[in-house]
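Chains: A, B, C and D, in written order; residue numbering restarts at 1 for each.
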């Protein structure tokens, strides 16, 4: 998908169920959404193997490719390459690693320090990951946090080029401006040196055609399923407690049968016929 | 809550985040919802320690008591009592175990066999759990599946009495009829021998006052947060893919800031001021 | 190895380290040894995913094939086939499942009940596993507990034939007699219908040539590394506490350098030279 | 034990079984031994939750206090304080954290860089841990790696004093010299400012009375059970493969019954009599 001539889209999921519901395109295993659903912060409070366990359920639940938001790789090059081996075993399509320090801070926070990794150190981390993968299709996306950390175009460009040269399959250029000016400036200077991925959470008003015109390869809709489910759960819980009854909720939510369908219960019913003795 | 003179309510949650959002009353750690969010079936496909990991995140995320839907106890008396120790360590308030066989089948399925446990075997399992707990407030709720399995009132009553005598803190009487006739019949015959819990997923139209009048102690709203989030995710994903844009979704879902609030990020910001050196 | 014309041998291991030390032949992931090293009983006190985690460390640590002692498959056909998928993902070569009930009891116990599975139910479980595997080389070994449970040759033979017909790649015929008479009788009656695996823990005095003469395909040395390490730890701890000093132990145990060698630290040193920036 | 007037001893264990076998004094949950038994390197290749899982099995298996070798705390102050909460839940008595950078390198390696943490950063990490614990008896031992990293007495003393002032219950002063000169120099300069713990793996020839005379509070025998079991497994595996028989090994190792005893199977037999229906 990264090298497709069309603008591609991938959608956030945060557990096996939401991964199964994203049947189009591909899945973004969002660090923010996964940490949030677990009930912890997007600051590496969950261990990398706890994230891996979530990814395994997600991978088992869907047939579309999954790109994991792997933060910084959860440590140095050795932690990152160990992750790559584990992700390959579990059928994950790729990992996006960002040039910050472990433990990381979510990029959309206001006013918190976002110290960047040393360029050479991070480039060698990418190289270690690429040298480790055994499936030639496994992707490493290098996420540049220069704009997030308050640096300008020169730093962003220098980093993107270094990471691409180190073997990154694509560059994710992140920005938390509410307009796409960071991305526009970068895309112009980048001049098609390789696929670019963006995350328009903050500049969501920008028409998608603009991204196509700039030459962006992929857009990640990064946290909207989680945010939608929070809204739904808040409303549902409030309504039920207010009414002390299910009566006003039953028709606003999916049926239990739909849950069974998403769990693929039909396959088990058929398997029970085949593999359980008749009474 | 089980012995309160009022009718109490507890609400389903299925991960740390939803547990945090249920701030009223208590939380039901639903087996259906937890398995569904993981992307597997409510047939003991997730191991008991995978369920325990979910419960730990849930317990860490909320201050209200959590009752785990512990299926059959995941094996015999020894597996069940081992679970009790692990739940106590993680601050879970109680476990509901049901008188079916491992691996279990969800009770709301139509036309699937629901073999029941031997009454003596199940009663001794309850006794083993009660003998094991070290916190006197830990609760064992014995769930009677006699109606679900197609048996009548006599079997339901016999089992409820046996389990209560074995030490169960409360009886959960389950029914999948769309009217409350099973429950009504049972409550009359039961004659206040101890607290009774119900799950009106199918007979959701029954006014809550009727449950009060019957003498029910607790109502579980068992899967509605999960079902609400599925609806929300389906709509959100469909809308975004249709529009190839976030523009029509942004205002229908909670903000990223609200996610940060639910993750309690403020506490971390303050802690960083206190525990990180000034640059 | 199961279909080799020679008598083959596999050796017990119980964690990543012991798996790495068994460089010859193959590894037996012993249920007794794994549960014992974890500190729990061989009665399915560890969950199947906890066993799977041990297997993943073992698989990562060795290049020889690993056969997991998978007890009963940890539930019904659905649990067993789910296990097969997970073992394949982790590079395990095969699973041995036994025809007892979940939770199981170790076969070498005296005087404890060893109820057997229904033959049809267990045969269908084997079939479900074989239908599930995607790697054609993955092996299912069907372990017959008829002798262990106090039944005779007829029951053992009937079960072995049923499981072989259901698709088992080999039969493990277990016996806890101190002489090989059970095995001899079975091998004669079996008449080369397929590979047979044995576990001579109790009849260890029988010369190995006898097993060759009977036509046995594989011998499992099932728990001796664990038992050797227990002896060594008991002696070492006792000696050190007696002396209140390390002086009499240092030369009786391997060096710290040997531990580093077993951890393959040299590879990391080289990788650090390659992937860490020069200071 | 840390504040006892006598010289105390704690012994390494690396899994539930070895923890159970250390019945005297206390247990050292060695990072080297735990990583080695898992089959990975002592460089934070196992995630902190994988270490926690090992600690839970160890805690369940023993009644003596366990001090975890918690490396650097597995990240910054927030990761370290999160660990403290999880260790308390699992009944672990304390954590030893060292003033190096994540991911760490084993201290006994020759010629590898051992960069130290900033003193203020590490002191605040200790303070965060102490502020987090809810059990007043939980201990934080601050391990000073100044000698290991090639610094001298001044740096070691400065760090020890800072960490003690930050709330550390004891200082672990590490040295990899084959004589106790580092420790002697430190103990003199330290002048009884608080309990000191040492790990005489390399200076094992020093008579224990010398440590008493210097005023050391606790000695850790840090990896000898693991090293003993490696020796035993190497010998046992080699012998069995050489003989192609168990005959020369059976009497050199403990019996299967001894394994059952260590697993506390008797308790389960009695529980089965109490909690399983009579057939």
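The rule is simple: contacts are C-beta pairs under 8 Å (C-beta built on N, C-alpha and C of every residue); 3 or more make two chains touch, one makes a residue touch a chain.
Since this is a predicted model, take the numbers as computed values, not measurements.
Peer 1: Which chains are in contact with both subunit A and subunit B?
Peer 2: Output, common partners of subunit A and subunit B: C, D.
Peer 1: With contacts counted as defined, which of the two, B-C or B-D, has more C-beta pairs across the interface?
Peer 2: Between the two chain pairs, B-D has more contacting C-beta pairs.
Peer 1: Interface overlap for subunit A and subunit D, more than half of numbers shared or less than half: same or different?
Peer 2: Mostly same residues: over half of the interface numbers shared.
Peer 1: In whole angstrom, what separates the CA-based centres of subunit B and subunit D?
Peer 2: 39
Peer 1: Any idea how many Å lie between the Cα centroids of subunit B and subunit C?
Peer 2: Taking the mean C-alpha position of each chain, the two centres sit 37 Å apart.
Peer 1: Pull out every residue in subunit B that's touching 2 or more other chains.
Peer 2: 43, 50, 76, 78, 268, 272
Peer 1: Considering only the defined contacts, which subunit C positions touch subunit A in the complex?
Peer 2: 76-78, 81, 89-91, 118, 120-121, 124-125, 127-128, 268, 271-272, 274-277
Peer 1: In the complex, go through subunit A and note every residue touching subunit D.
Peer 2: Per the touch definition, subunit A meets subunit D at residues 43-45, 47-50, 74-76, 78-79, 82, 102-103.
Peer 1: If we count contacts the way the header does, which residues on subunit A are in touch with subunit B in the complex?
Peer 2: 9, 11, 15-22, 24-25, 32, 35-43, 50, 53, 57-58, 60-61, 106, 108-109, 112-113, 200-201, 204-205, 207-208, 221, 223-237, 240-241, 244-247, 249-250, 252-256, 258-260, 262-265, 268-269, 272, 279
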